[in-house]
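Letters A, B and C mark the chains in the order given here, with residues in each chain numbered from 1 onward.
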Amino acid sequence: MRKQIVSALLAAISVFVLGGFGLESAAGRDYVIGMSQCNLGEPWRVQMNHDIKEAAAKHPELKVVFKDAQNDTLRQRSAVEEFINSKVDLLIISPKEAQPLTEPVARAMDAGIPVIVLDRAVLGDKFTCFIGADNVKIGKAAGQWIARKLGGKGKVVELEGLMTSIPGQDRHNGFREGIAGSSIEVIFQADMKWLEPDSRKEMESALSRFDRIDLVYAHNDPGAHGAYLAAKAAGRDNIIFVGVDALPQEGVAYVQQGILDATFRYPTGGAEAIDTALKILKGETVPKKIVLGTRLFDKNNVATGGEPLP
Amino acid sequence: MGLSNDSSPLVRLIGITKRFGQVAVLQDVNFEGLPGELHVLAGENGAGKSTLIKILAGIHTDFQGRIEIDGREARPRSPLEAAALGIAVIHQELSLIGPMSVADNIFLGRTPARAGFVRHAEQNDSALHWVRQLGLEIDVRQPVEKFPVATRQLIEIAKALSQNARVIVMDEPTSALNAPEVNTLFGLIESLKSRGCCVIYITHKMEEIGRIADRITVLRDGQCVGVAPAAELPPAKLIQWMVGRDLGEQFPRHTPRSGAELLRLENFSVFPSGLSSRAAVDTVSLSVRAGEVLGIGGLQGSGASELFLGLFGAYGALTQGRMFLSNTQRRFASPRQAIAAGVALLTNDRKATGLVLSMSVCANATLAGLPALSPGGWRRPSREWAAAKAMTAPMRLPDSTLEMEAGALSGGSQQKVALAKCLQCRPKLLMLDEPTRGIDVGAKREIYQLVEQWTAEGIAILLITSEMPELLTLSDRIAVLHRGRVTAEFPQGRATPEAILAAAMGQSIAE
Amino acid sequence: MKLAFWKSALGSPAGRALLALLLVIMAGAIFNADGAFFKIGTHRDTLRQTSVYGILACGMTLVIISGGIDLAVGSVLALAAVCASKMAIHWNWPAWEVVPGCLAVGTACGALSGIVTAGLRVQPFIATLSMMVFARGIAKYASGGMKVSTVVQNADGSYRNVEVPPLFRAIDHSIFHGNVSVVTVIFLVCVAIAWVALSKHRWGRYLYAIGGNEEAARLSGVPVVGAKICAYVASGIFAAVAGICQAAQEQQGDPEAGVGYELLAIAMVVIGGTSLMGGRGGIGLTLIGVLTIGYLDKILSINAVPEAGRLVLTGIIIVAAVLTQRRGRT
């Protein structure tokens, strides 16, 4: 009996807590934008929401309501349905998967709500605008920078993100495209699953195996950071480290501190989404697809905010 | 109880030798079971009876020697094969699966099915038929664990009977049965005999042997001492065969002593399932003096075990009424408090609630007294060893057993370890629940001597036992419980088995 | 005579666990990746990398022996890592305040798990599963969903870099001429503490009794509820220690750290030979299990075995190791 009361209390409290976060009352604003995020587990997505919030703050007539699907497809579908029912003026969505979210997005369009799809696509073309970055381009840019930096030859360790995920594959394939034609040799590659401790472990293996390593290319900045710490602990100081993502408090800061030699921004598209949203709400036409470029951050340009690449 | 005319053996075990590692548990043992007889297999604990039976049952397949069923050589490689050969074994350690229904248990391995789908109706009807043969009226769809131990034992017997076996082995089948249930069982055995079955019966109860045995085979230390018709083996001679020495009187006389009142219960009630449910012990009042043995008589469901557990604090706050230890009112909220106050309990199921079988004998023996043996929390292994040895040596447990896992010992030895644990904390009140269940004659006598000694030291003893002679011999006074209430009390010398049984069955006797 | 010795050695759980470890090390000697396996740095790294899991496995051993399980250790690790980083980096607390602070967090989580399991009699699997989710949530809340690192946000939105705290530098460091990492020493200290508790203190004996037969233990006067709660508290404290080590080695507190670590810790305990049913096993066995899995992981890593192959091989070897553990018991 006691146990049941306690569990009921715990359940009630958790509903309160989970539901309470992020509730905002929408009153007295000109436009309400619904933002459906697939998960806030990745710092990059936290950054995306942050970018949207910051960009929207500059326009007081905009009110953004955020919903987090906690990486659950069904929950994200419900979130979209809730936005449709509450008749938001525009929907921004970063879907967990393409197939299950295509139909809810289509229904939003049918209900007269314009939809901006961020970062991951849905199927077909029933949406207003897709904004995303291209990991293959980023990988290729990284590869080309690395080839230039090493003068066309050298021994490189590639620390991969989860190779069953599209970003991992794209950053790998793009990189190989970028170094094609040079004499750069990838002597060691391992899947560190985007995780820093795993990356450090793989780097240690590489260090114990190879006496000469010129450069480490990691698919994300935490991976590059872990590799850096491994090299530092082993006393190997002359290795160049390159990462991807370039979050301001992570990758960019690492370049500033001299930990990374270069990082490439994987843009969240948050600011662009708000700009595009404003255009849509004012009735302007917008392109169907906006591909975001990347920015290079290295020692030379990090103080000035990096350098955009085509 | 007559012998059958057909004299060719139904089952023969010839030259059976079995080793566990270097130790020969059975050496060149011969056994013969005739159709239509009840053949008792007797021997002390560790004599090899269980091992012999396990070989027959197909549990031990690695042995030397031959088995013949009906004159044909057989070698069962598994219990299922043994069942197919017509051998059914009812083990002392029940082999029923608690959460499964009675019917499922009875037909386990032989489930009636059509293309893989169980035919429940057919199975339930059959199961009901078999349990009714034993006088049980129960719902065979209920899980077995809902029924008390005595009923489970009868279900186990029903399972064996339903296999239409011709060789039926029963290992201590009456240990949890009351007198009427035992009579039903013996009637059943008679009908089995008349059908030409051979019943191999293992028991420690002398009166049972005297009552139903046709022939007796005695094992001692893994060897066959001999086989004889029951008439030629009176109890004294039987004991001599089993033990190899003359034990003299089987039950030593208990010297009555009593000192100051140690325990007094006033309207004590125990509600194991909650204060608003049925009371297992209902307003019981009794008292025990130091150095006195109060025997608690009663049949299954009398509430005697619950009385002990309630006194001991095992049910926490689910008791009512008053309890006085040495004239101070106490109530124990946990066994820990009871032990600290000088009360000890030997439970009636050493494997389930008495011992931690995965720990060593030394660890088990010192478990209850660990706070005293480890001041500040840090253990002193040498002190523990000495304390364990001090308790187990008087019980004739060799020092070499102290390091062994408790689960590896025989039943009698395990019981001694459990007793050692109880005595560890120098109790003033000792509650013994079936202290000699599943124990051979020699060990039993040792325990009776220990009871003698404990009372001489001034310990008050509460004793539950289902063996009438034991109850009558050991107790100074006897209180009988029926459905949680005291129905009779007898001072020493005034109790008779009939009067006790009558009171246990509910006929209150004013005394 | 010799045969009998080997037979009895292999009959013991420690013997079988050592056999598994020996086989793994032999495999490493064979597949030594151009001699990398024989470098002392490789062994230092193997121990470093496996130490965090090993610390978790120490607490897990205590809980499993008492008949329970603790699925929350990965999340508590993350929570402690976040707290350690917040305290040391952002609030600039000295080490002697950071460490007890984090241990207090671990104690609180463990106590909550213990009370729900032992006091409210909820199954350990469910109780600690809830704590796993709950602690993860607190970690994300306390960190704002981002890693707590040396890059601190100013009031105006820009970022500044802060020094890596001396505590972190001291932990992520190698001693004895760079041949042994400090986290390995911390791990071995945890092993020693757990071993002492389990074999020299009566609380350890209580845990074995409770895991072996809880009812018999209760009726023998063992304080079952209190002893179990202490086991979960110990597990929480070890998880907090692991969290501090993790934060030091990443130089940040990641609220997403430790995902899946509890399963690896359980695997290490089981491979060592401690029974999941409770009542049997010990810290020495767990240490062997930690080394076995640690070396296996390292051998796969230096040979750059592709990910799919690693998962398959690791799975097979875990099952094989557990099967060899079983054969000894009749």
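Everything below uses one rule, namely that a contact is a pair of C-beta atoms (placed from the backbone, for glycine too) under 8 Å apart; a residue touches a chain by one contact, two chains touch by 3 or more.
Not measured: the values here are computed from a predicted model.
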{"item": "Arrangement of touching chains [line / ring / star / complete / other]", "value": "line"}
{"item": "Centroid comparison with chain B (C-alpha atoms), farthest chain", "value": "A"}
{"item": "Cα-centroid distance, chain B relative to chain C, in whole angstrom", "value": "45"}
{"item": "Chain centre separation in whole Å, for chain B relative to chain A (CA means)", "value": "70"}
{"item": "Rounded Å distance, chain A centre to chain C centre (Cα mean)", "value": "31"}
{"item": "Residue ranges of chain A in contact with chain C within the complex", "value": "2-3, 6, 10, 40-43, 46, 163, 188-191, 193, 196-197, 200-202, 204-205, 207-209, 222, 225-226, 229-230, 233-235, 248-250, 253, 256-257"}
{"item": "In the complex with chain A, residue positions of chain C that touch it", "value": "33-34, 36, 39, 41-42, 45, 48-49, 52, 120-122, 130, 140, 144-147, 149-151, 153, 159, 161, 172, 174, 178, 181, 246, 249-251, 254, 256-257, 297-298, 301-302, 304, 306-307"}
{"item": "Chain B - residues contacting chain C, complex", "value": "312, 314, 334-336, 338-340, 345, 347, 352-359, 363, 367-368, 370-371, 374, 377-379, 421, 425"}
{"item": "Chain C - residues contacting chain B, complex", "value": "200-206, 208-209, 211-213, 215-223, 279-280"}
